[in-house]
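These are the structures, in C-alpha cells.
Consider the two complexes below, in which chain A is the common component and chain B and chain C are the respective partners.
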Partner chain A sequence: MRTLILRRIIVSIPLLLSVSLLSFYILQSAPGDPVAMFLQQSFERAPQHVVDAMRERLGLNRPIIIQYLYWLREMLRGNFGVSLKTLEPVSQVIMRTLPASLLLMVVSFAIASVCGIALGVYSALRPYRAGDQILSFIAFFGYSIPNFWLGLILIYVFSFKMGWLPSSGMVSLRGAPDVVMDRIAHLIMPVATLAFHDMVVWLRYQRSALLGVLGEDYIRTAKAKGLAQRIVVAKHALRNALIPVVTLLGLSVPRLLTGSYIVEYVFAWPGMGRLAVDAIYTRDYPVIMAILMISAVLVVLGNLLADVGYALVDPRINYGTGGAR
Partner chain B sequence: MSVDAVDTAADSPAPLDRPLRRALRRYARNRGAVVGAAILFILSVISVLVPWLAVLDPEAVDLSHQLQPPGRDHWFGTDHLGRDYLARTIYGGRISLAVGFVAMLLSIVIGTLVGATSGFAGGRLDNLLMRVVDFINSLPIFFIIMVAQMVLTPNIFNVMWLIGLTSWMAVARIVRGEVLAQREQDYVMAAKAIGSRSAYIVWRHILPNVSGPIIVAATLNIAQAILIESALSFLGLGVQPPKASWGNMLMGAQTRMFNAPWIAIFPGLMICITVISFNFVGDGLRDALDPKTGRKNL
Partner chain C sequence: MLAGNMKRVTLHGWFRSARALPVLALLLAAALVMGACGSPSAPDPGQSSGDGQGSSDEPTTFIRGTVGLALSAPFNPLLRMGNPRAALWSFNRLVAYNSRLEPVGELAESWDVSGDGLVYTFHLRKDVKWHDGAPFTADDVIFTAETALNEENNAATRKYWLIGGEPVKVEKIDDYTVQMTLPKPSALFLFNMSSWNMIVPKHLLEGVDLATADYNRHPIGTGPFKVVELVDNQYIRMEANPDYFLGAPKIDVWIDKQIPDQNAAIAALANGEVDMIGIGGKDALETVRQLPDVEVYGYDAGWILGVTFKRDRSFFDDVRVRRALAYALDREGMVQAIAGDVEVAWSLIGPPSSWAYNPDVPRYPQDIEKAKALLAEAGFTPGSDGTLTRDGRRFEFTLLVQSPATDSDPEAFAAVLQQAWKAIGVDMKIQRLDRATLESRLFVDRDFDAYIWWDGYNFEPDPSMFWHSATNINGFASAEIDALIEEANANADQAVRKAALDQLAVKVADEVLFIPLYYYRGFSAVKAYVKGVPAPSAADFNNSGILYEVHKLYIDKGK
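So, the complex of A and B:
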C-alpha cells in the first residue's frame, strides 16, 4: 500500500510541474501588461522610466524561465505572490474564501451522496418499475438542466416571488437575530442547486453498481440458502456495490475545496469558485495561477485517494505491489 | 424475445438488413428516445432553414419596445434592447447547436484516433497515450477553458475548439477498450494473414465494429458541449453579443428576470429540452446498438 502511494506521488510530480510551466507560460503571453494596468490606478499615463523601474523591481525584465523558477521557489514556500487587484497576498485571499467553499460543498456533498445512494439502492431493487422509471427520468433531467439556470429559477421563485430565502451571499448584511439560522437560510438554494445535479450522478452510479452485483452467482446462492432479501442486500450485495462508489468519492474531493464556479457566481457565494471567476474578469494573474495549481494538486490527491480507497475496500485489487497492504 | 423472432420471420428481410432493422425496432421501443429524436429533428430543421423561412432579425434593436412581455407581436417578448426574443432564441439555438456539433466532431475525431492507435499499437505507445489522457483528465478543465478564453479574446470558434479539445478523453478510452477487444478476434488475424496494413485493418475492419459506442459517445458529447457552451457564455466568456446563444441570452437575466421573467425562461428551457433530448437519444442508441444492454431492457 505504501509503495502504491509513494509511486503515485512520484509520478504526479512531473505532471504538476508541467501543468505549472504550461499555465505560467500561457499567462505570461496573455495580452495586456500587468505593470501598466497596475500603474493606471495612480497615473493617467505612467512615464516610461516609472514603468521600467517597476519592471526592474518586480523582475519582469528577466527571461521567462528565470521568472518561472522564482515563482516556483516562492510557491513551494507557500508564497503565491500578491493579488493585482487588492495587493493582498494571494494565499491570504485564498484562505479567506476557502472556508466558504468548504461549507457549501461539504453540505451539498453530504446531502447529494446520502440521498443519491439511498435512491440508487431503491431503484436497483425494483428495476424498471414505476419508482425506478420516475427516478431515471429525474436523473435525465438532473443531467440536462444547466445549474446556473436552476439557480436563477430558484432565486426567482423563492427570493423574489415568495420572499422566503435570501438570494445571494453568505450572511445578511443587516445582521440577523440568529446567526446559525441565517447561515442555513443562505445555504439552502445554492446547496439545492449543487446537490440536485450531484445526487443524480450518485443515483445512477449506485443503481448500476448494485444492479450489476445483484446479477452475480453468489447473490443467487445467498438467496438459495434461504436468507431474507434484506440480509442478502445489506450484507452481501451492498458491500460490493459500494466499491465503485468509493471511486466517485475520491474524485469529488477537489471540488469540495475549490467550490463551484457557476453556482457561487449565481448566488454571490464568497468562495473560491467565485474568486476564480472574478480573477478572470480582472485578469488577476497571480490569483489565477494559484487557483490552477491548487486545483491540479487537489485533483491528483483525489485520484490517489480514489485508488487507495479502491484498494482498501476491495481485497481483489492489488496494484502490482504483491498484495502488500 | 419471442415477439422479435416472429417479427423477423414474418417480413423476412434481406440478411444484411437485419442488424439495422433490429436496432431500429429496439430504438423505436424506447419512447423517450423517439420523442427526443423528433424534437432534435424539428430543432435542426428550424435552425437550418430559419434564414429563408421568416423575416425574423435577431439583432434588430427597437428601443421603443424594450422588455415587452410575450404577446401577439413578439411571441417570446423582447429583451432590454427591444430585440425580438423568439428570433434570438431561434438564432441562439443555431449557434448553440453548431457549437455542440463542431465540438463533438472534433472530440470524436481526436478520441477515435488516439483510442484506435492506443488500442491497436499497444505496448509503449499505448502507455504513453493513456498517460496523456490521464494528464488531461487531471486538469481543472472548465477553469482552463475560462482562462484560455480570457487570454484569447472570447469568440465562437475558440469556444468550439476549446470544448472539442478538452472532451475527447472519454471517447479515446471507450475506443481503446473496444479495439483491444476486437484486436484478438479471428477476422483481424485473417486480415493480418493476407497482408493488410494495420491502419487499413483498423479503418476498414475494426472501426465499423466499434461504431456503436462511438455514435453513443458522440450524442452524449453534443449534450455536454451545449451545457459547457451555455455556462461559458452565461459568464460572458463564450459566444459574444450581439450574436445570440442560449447561454449569453441568460447573461443579463440575473438582474432583468425580476421584471421580465421570460428573459430567463425561454433560453434556459430550450437548453434543457435540447440537452435532455440528446441524452434520451444517446440512451436509446445505446440500447439499440449494443445487444448486451438491450436485452436487459426487455
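So, the complex of A and C:
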C-alpha cells in the first residue's frame, strides 16, 4: 500500500507540472490585460510609464516562460504571489474563503452520500416496487433540474413566502443570534440544493451496483446456506456493491472546493467557486493559478483515495507488483 | 510483499472496525467548526449588538442589500472600490449637491470664487474630526489632492483634480482655508469637488504604499458611519459616528450586505433580512411593487443606453448608412418591450428632467422604406443571400456586448437590433464578451465595429470623455465637436453651457453618431418602516440615489 501511494505521488508530479504550465499559458494568452483592468478607468487611460511600472512591480513584463518559472519557484516555496486586484497575498485571499467553502461542501457531501447510499440500498432491495419507482422518479427529476432553479424555488418558498429561512449569506447581521443555530439556518437551503442533486446520483449508482451484486451466484449460495437476508445483504452484497461507489466518492473530492459556483451565487455564500469565477472575470492570474493548482492536487488526491478505498473495501485488489489478484 | 500485505490487512481491518466512523465524524465536525470560526461572524462583545447590559433600547440596524456588486477591499475612495457608494456613508467631499442639485457645503462651509472664475477659496468646517479623533484640517485636503494627482498612485479620483488635462493648484492659506487655482475656467470644477471626490486623512496615509495599505481594510473617514468590519463578499458593518458634524445618525448600525442574485435579494427584503435593495429590470420591479410593506422609489440618473459605431469600420463613415440604421428601428416598441416604463432616448444628454436635456433634435421614427432608400442611394445592392453589398463588400459588422452582466438589457437589445437590421439587409453579428475582454477591446485595443453599453452624463454633464478627440474611442471626433465641448465646459454660465450642449446633441442626432435607446431610471425598494427617506426630486442623480443624508434616516416600526 505504501509503495502504491508513493508511486502514485511520483507519477503525479509531471502531471501537475504540465497542468500548471498549460493553465499558465492559456491564462496569459486570454484576451484582457490584468494591469489594464487594474489601472484603466474606462475612458481614462493610465499613462504608459505608470502601466510599465505596474507591470514591472507585478513581474508581468518578463517573457511568459520566465514568469512561469518564477511563479513555479515561488509556489514550491508555498508562495502563491499577490492578488492583482487587491495586492494581498493569494494565500490570505484563499484562506479567507476556504472555510466557508469547506463547510458548505463537506456538509452537503456527507449528507448526499449517506442518504444517497442508504436510499440506493433500499431501492435495490425492493426493486420495481412502489418505493423504488418513486425514488427513481425523484432521482431523474433531481438529476434533470438545474441547481440554480432548485435554489431559487427554495428561496421563493421558504424565504419569500414562508419567511422561515434566511435567503442569503452565512450569518445573520441583526441582533445576536446563537452562532451555531444561525449557521445551521443559513446552511439548510444551500446544502439541500447541492445535496439533492448529488444524492440522486449516489442513489442510482448504489442501486445498480447492489442490484448487480444481488444477482451473483455467491449471494444465492449464501441464501441457500440459510443466512438471514440482513446478513446476506450487509456482509456479502453491500461490501461488493460499495466498490464502484467508492470510486465515485474519490472522484468527487475535487468538487469539494470549487464545485458550487451557482449555488454560492444564488445564496450569496462566500465560497471558492465565486472567488474563482470573480478572479477569472478580473484576470487575477495568481488567484486563478492557485485555485487551479489546488484543484489539480485534489484531483490527484481523489484518484488516489479512490484506489486506496478500493483496496480497503475489496481485499482481492492488490496493487502490489506480485500480480496476485 | 509480506509487509505490504500486512499493511493492507491492517488498514482493511481499521476500516472495517467501527473506528473509522468517529474519525469521519470528527472530520465533519472539524469542517463545521472551521466554517463557524473562519468568518468573523460573531459581533465583538461590547459592540452594538445588544450585549445584555440590560439597556432597553435595542440598537437599530439598517441593512442595505447590494445586488451584483463585488463587495471587497480596498475600501479607500482614492482607489477603485467595488462598492463605491459605501464610501458616501463614511467619507465626505468638500461640496455636496442637495436634492435640488444645488451645491451646498459639506467639509467646506463656504467658498468664494474670483471674478475670472479661476481661483476658488474654500473655508473649511472647524468642527470636523476623523473617526479616530484627529482633527480634519486643510492639510488633509492638500494631501488628498496631491496623492490623487500623483500618477504613480493611479488614484480613481485623479480626474477630478484635472481641468482639461491640467492639474488644479491646491494651496493652504491657513489650517481651515484652502485656495485652488484652476488652469482655465471650468463649469465642472464644483461638481469635481463633490461626486466621488472624498477627502482622506493625511495622518494615516502619508508615506504609505496606497495599493497595499492596511488602511484599505480599516478605513477612517469623517462621515456619518465608521467602518468596523469588512468581510469580503459578505458585508461591511458600520457604526454610527456620534460626533458627525451634520448631526449624529439615528441608525446605530449600518450594514451593506452583498447579495449577488436579484431574486434572492428580493426574498431577503420580503422576509426582513435586509431593509433596502436596488432593483434592476422590469420583472423585478413588478415583483417588489406587490410586496405589502415596501416602498419603491424611482430616481433619474444620468445614464443612457445606446449603440456606438466606430467610424472606420464597416460602412459607418457614410452618414446615409447611419441614418438608415436609425430609421430601421422601432425605438418605442423595443424600449417598451425590454425595459418597460422608461423614457425613450433621442437626444444625447438626458434624462428629460435634466436642465441639459434638448428635446429638439432630429428623430427617426421607424420607416423601413426610407431606410432602404437611403441605403440604395448610398450604392448598396442586395447580394445573393439578401445582405446588402457595395463594391463587393457585404454590409456586415459585429456588435460587442458585455455578458455576463448584472444588467441584461443590453444583451436583450442586441438580439432585437439584429432582427431589425436584418430586415433592411444588414448582417449584424453579436459577440458576447466578459467585462475584462470587452474593456480591453474597447479602451486598450480600440478594436470594435460597434458596441452597446451605457454612457454616463452627470447632472453637470461633461461629454468630453465620449466625444472629445483627446479621449474619444469612436473616431467621430471633429474640430467642431471639440469646440462645442470646450465652450460648454469652460462656462459656468448655465445658459451658455446649455446652448453649446444643445448644439452638440443636435449634431450627434443629426449625423447619427450614436443611437440612443433609453434613459436609465434607478429604483430602490425600501421597507416602509424606514423613514426619513428624502422624496426623490425631479433629477435626483447626485450619485447617492435616494440615500442622500443617511444620518437623517430612522426606523419606526411603531410598536
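The working rule: the second predicted complex is superposed on the first by the 310 of 325 C-alpha atoms of A that agree within 3 Å, B and C clash if a C-alpha of one lies under 4 Å from a C-alpha of the other, contacts with A are read in each partner's own complex, and residues count from 1 in each chain.
Everything below uses one rule, namely that a residue touches a chain if its C-beta (ideal position, glycine included) is under 8 Å from a C-beta of that chain, and two chains touch if they have at least 3 such contacts.
Note that the structure is predicted; figures quoted are calculated from it, not measured.
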Clash or fit, chain B versus chain C on superposed chain A: clash
First (chain B), second (chain C), both or neither touched by A:I134: neither
If touched residues of chain A are counted for chain B and for chain C, the larger one: C
Contacts of A:Y156 with chain B and chain C, given as first, second, both or neither: both
Partner chain(s) touched by A:L292 [first = chain B, second = chain C, both, neither]: first
First (chain B), second (chain C), both or neither touched by A:I64: neither
First, second, both or neither for A:A176, with chain B first and chain C second: second
Contacts of A:R2 with chain B and chain C, given as first, second, both or neither: second
Partner chain in contact with A:L87 - chain B first, chain C second, else both or neither: second
First, second, both or neither for A:I13, with chain B first and chain C second: neither
First, second, both or neither for A:I145, with chain B first and chain C second: first
On chain A, the residue positions that both chain B and chain C contact, one per complex: 30-31, 152, 155-156, 160, 265-266, 280-281, 283
In the complex with chain B, residue positions of chain A that touch it: 15, 18-19, 23, 26-27, 29-31, 128, 137, 140-141, 143-146, 148-149, 152-153, 155-156, 160, 254, 258, 261-262, 265-266, 276-277, 280-281, 283, 288, 291-292, 295-296, 299-300, 303
Contact footprint of chain A on chain C as seen in their complex: 1, 4-5, 7-9, 11-12, 15, 27-28, 31-32, 34-39, 41-43, 49-51, 58, 61, 63, 70, 72-74, 80, 151-152, 154, 156, 158-159, 211-212, 216, 231-235, 237, 255, 257-261, 263-268, 270-273, 434-437, 439-441, 443-444, 465-466, 471, 473
Parts of chain B lying in touch with chain A, wherever the complex brings them together: 32, 135, 138-140, 142-144, 146-148, 150-151, 153, 223, 227, 230-231, 234-237, 247, 250, 253-254, 257-258, 261, 264, 268, 271-272, 275-276, 279-280, 283, 297
Parts of chain A lying in touch with chain C, wherever the complex brings them together: 1-3, 30-34, 36-47, 49-50, 53-54, 86-88, 93, 96-100, 102-104, 106-107, 110, 152, 155-156, 159-160, 163, 166-176, 179-180, 182-183, 265-268, 270, 274-275, 278, 280-283, 308, 311-313, 315, 318, 320, 322
